[in-house]
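Below are two complexes that have chain A in common, paired first with chain B and then with chain C.
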Partner chain A sequence: MSATLAVRGLSVFYGQMQALHGVDIDVPKGQITALLGANGAGKTTLLRTISGLNTPRSGSVRIDETELVGKPAHEVVSAGISQSPEGRQVFPNLTVRENLQLGAWIRKDKDGVRADMDRVVGLWPRLGERLAQRAGTLSGGEQQMLAIGRAMMSRPRILLLDEPSLGLAPVIVAGIFETIQAVNQEGTTVLLVEQNAHLALKIAHWGYVLETGAIQKRAPAAELLDDDAIRAAYLGG
Partner chain B sequence: MRQGALAYGILALLLAAVWGIELFLVPWTDPYLTDIVIRVGINLLAVMGLALVLGFTGQFSLGHAGFMAVGAYAAAASTLYAGVPPVGGIVVGGLVAALAGFGVGLPTLRLSGDYLAVVTLGFNGIIIVLIQNSPALGGAQGLTGLPVATTFGLTFTCVVLGGLFIRNLLVSPLGRVFEAVRDNEIATRSLGIDTTRAKVLAFVVGAFWAGVSGALIAYYRSSIFPSQFQFDRSIEQVAMVVLGGTGSLSGPLIAATILSALPEVLRPVAQYRMVIYSIVLIAMMILRPTGLLGNHELSDVLKRLWQKRPGARSTAA
Partner chain C sequence: MTLLLQQLLNGFSLGAIYALIALGYTMVYGTLQLINFAHGEVYMMGAFAALYLAKVSGVADNPTIPGAIVVMLGAMAFCAVLGMTIERVAYRPLRNSSRLNMLITAIGVSLLLQNLGLLMFGALQDFPSLLPEARWTVSGVMVRSNDLVIFGVTATLMVVLTWIVERTQLGRAMRAVSHSRDAAALMGIPADRIVVATFAIGSVLAGAAAVLVAMDKHTIRPDMGMTFGLKAFVAAVLGGIGSVPGAVAGGLLLGLAETLVSGYVSSTFRDAIAFLLLILILLYKPSGLFGKHVPEKV
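Here is the complex of A and B:
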């Protein structure tokens, strides 16, 4: 239930503006890879392009040996990649249960879906207590849990998380990061985009630094935590 | 299995009621009243399709009356040129309108919402111009000599079938997909859902029932005119869905009933109809910005009222 993601020479444009300049990234099987970078560096653009929501001008995205560039978003999910998007984006008018069920849309194994629903509820009992509640009425933290849980419902081999800590209280963030680690230990490969560099690097195996659309650094996460330049730029000294 | 049996039971019950009214009540009812009710029923069919497309799936179709025109003229032509009886003609009208919906929807629904509004608007206009310039379809003078078959019973048989069909679609898992597309299409795509397919499906189903609605018009007064299916009719239907509540099926149907019957009730002041519409619309936007029922169904509202009735046990935990 795990896979390797390899991004090669990925270039993405918005009109005339180039947002990614030949980005190379490896997300090794079974590990957590953190992607750091300032606002506007292109992190969301990279995740959206991997998911097939943006079309790159050039480059390749491969899960194991399968090329994903050119495939529509729904086929990318079938290939084993799902994403919890920036800003949660749960479906406000649907209930928590319906949101989770939509996450499992591509699956046909009803028993497996039920088991995964139990797993998500086991990770976040707060969601379990609110299965029949409309998602728009959840708190910010609960919506973030739901967005991640929804992405897990397709039983992805690779989970893309875009700023799961955004706008949440530290205690909630700590809980979410524990869960990300638990999901990873169950075998899911994770690519984690974060502004909260310290927390991200603490649970990650590898870290990348993206600056204005280009990779500036790649190193084991522990090494980046000790890197003076990184400390200055992303860890607040 | 039990679910299915229940659905068929409800269907049988509703159809029995419709035909009971047709056989035992309509003959003794003022024909003027029956006429209003049939017109309301015809509008209900068109509006329930638009409720699916606009209210639930969030696709701004501004040319729903164009699909009514396609249905009406396809039915009329099948009867006049191929001798198809009215009931068959209604099916033909629905299917041809659905096909037109597919033709308009497939290329357009891939693009963002703004294109759909423009294209459907254009479609409505083009259909009218095509009919006006087609001698075989009677041109601007309209088609005459059609058999009269649209009774209360036939109209409301279609309303019941259409209403149950769309309701079943909406309570199925696909119904959640439609709403997800409306709320956040990108997020829906990112879950592995082919949103274009979902949108086209909603659009084709909506066009089908608009076609049936148009076909009923064709068999109502033995003649049809292109002017019956113009843009103002499409806008009126959008108003009915928005007023009734996007994300509700019963809300738009109630709004359609009120707004279709209103001009009859207000006949003495008919020239102010559009003014009254506008006032009602503005009042609605201020008082109930989410429409009559918002995204709830009539049954939810009644249930809540029932629970809140004086003497009811509190359900609060």
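Here is the complex of A and C:
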């Protein structure tokens, strides 16, 4: 149920503009790794490249020993990586249940899928009450729950989360982060991209700081929480 | 009253066929935002494939229900293969180029197939009866067995299609891909395979429509995809291109409008009504009856 992700020397361009400059990241098995950075630092670009939606000019992305660079995005899911993308990207015209069913696209074990749907609904009863409702009619928080739940439906070994707190009320965010921690404790490795550095570091084991496409710092999460420079830049002093 | 009932019957019969073809335009548009102008030619080729099958299998000389079913399934399978081939050969290499390039390619494929048809089949050919035909008069309204066949086949295909789109993983994936390829890819859905499936399903429906029309009219011609296909495309736009229920509604609306106009006004206006409706809908509700958003200009 778990794996190690290793990103090495990843460089990504948009036309002439270089968005990532030889990024190295390790996401250790069974842990939560937080990736912090300001707007435009390249966090989403990194996650999209790991998932195969962007093609790097150079570098490698490995899950355990398997190289992912060069694989089309849909095969990366089969390799064990699932993503809840920035802006949630739920399918608005499909019902909540249908969104979750599509999350399980790569799976053939019907009983297992049903059990996992029960698990997601157990984590977020609000989704359970709205299974037949179109996802586009959900609140922002509910859509975020659905996006994460949908990503869990493929039984990923590594879960990538792109700013799950974006635009949500603090109480909703707290609930979502608790669930992320619970999912991790059940054995899923997590790479969590956040601007809400405080919350992210509190549940994470490791933290990285990305600035204009390059890693500036890597340290245990607790250490970053106490780091004065980090406090000033990302934790509001 | 009798005239009205007669026109309604004829209108639904014609509209059902428009709907079957319109579905192919609308489904491909939904997943690829491409107006597949070659769709009408897939329909035309389906009719000639059916003719060939009917002759080779002997159904042409000995019309029976099982024989007709074999010919229809054969034409549907042929169209599926043709539609998937067109997608693979003509459209997929252009997947990342502009929509204008795709559109021009679609028109090119359409002209190519039409001329190929002309070359291979000549101008016009007779189409045999695949079934014993009958007609009855029910309180003044003439009901033809062919109308019943058209209703039966269309209704069956609509039920199957609705089931696929609404109840299967493939159908959900088709709807997901039409919303966002990237988000679908993050589910592990291979968008290219879903697009192929969309072409196959649309083409299968066109194949069925081709056999229904051929059985009904008893002549088929290489330009039938141009004339009839264009009307079906108008029907898809009327309903809201990209919308499955819209294609059905647009088809029926157009069929009814055409027969009512030719019954009560003049048959000279029969073909004009399609384009009149098109202009009206583009003026007052450009997204179509069931459309949710205004399609971008290509």
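The definition used in the following text is that the second predicted complex is superposed on the first by the 237 of 237 C-alpha atoms of A that agree within 3 Å, B and C clash if a C-alpha of one lies under 4 Å from a C-alpha of the other, contacts with A are read in each partner's own complex, and residues count from 1 in each chain.
We adopt the following convention: a contact is a pair of C-beta atoms (placed from the backbone, for glycine too) under 8 Å apart; a residue touches a chain by one contact, two chains touch by 3 or more.
This one's a predicted model, so the numbers in the text were calculated from it and none came from an experiment.
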Q.
Quick check on the superposition: with chain A as the shared anchor, is it clash or fit for chain B versus chain C?
A. clash
(Q) Once chain A of both complexes is superposed, is A:His74 in touch with chain B (first), chain C (second), both, or neither? (A) both
Q: Please indicate which partner A:Gly141 is in contact with in the superposed arrangement: first for chain B, second for chain C, both, or neither.
A: neither
Q.
A:Gln89 in the overlay: touching chain B, chain C, both, or neither? Say first, second, both or neither.
A. both
(Q) With both complexes superposed on chain A, which partner does A:Ser154 reach: first (chain B), second (chain C), both or neither? (A) both
Q) Which residues of chain A are in contact with chain B in one complex and with chain C in the other? A) 51, 53, 72-75, 77-78, 82-83, 85, 89-94, 98, 101-103, 105-106, 150, 154
(Q) Applying the document's contact rule, which stretches of chain A touch chain C when the two form their complex? (A) 51-53, 72-75, 77-78, 82-83, 85, 89-94, 98, 101-103, 105-106, 150-151, 154
Q: Would you pull the chain A residues touching chain B in the complex into a rising list?
A: 51, 53, 72-78, 82-83, 85, 89-94, 98, 101-103, 105-106, 150, 154
Q: Enumerate the contact residues on chain C facing chain A in the complex.
A: 169, 172-173, 175-176, 179-180, 182-191
**Q.** Residue ranges of chain B in contact with chain A within the complex
**A.** 173, 176-177, 179-180, 183-184, 186-194, 247, 295
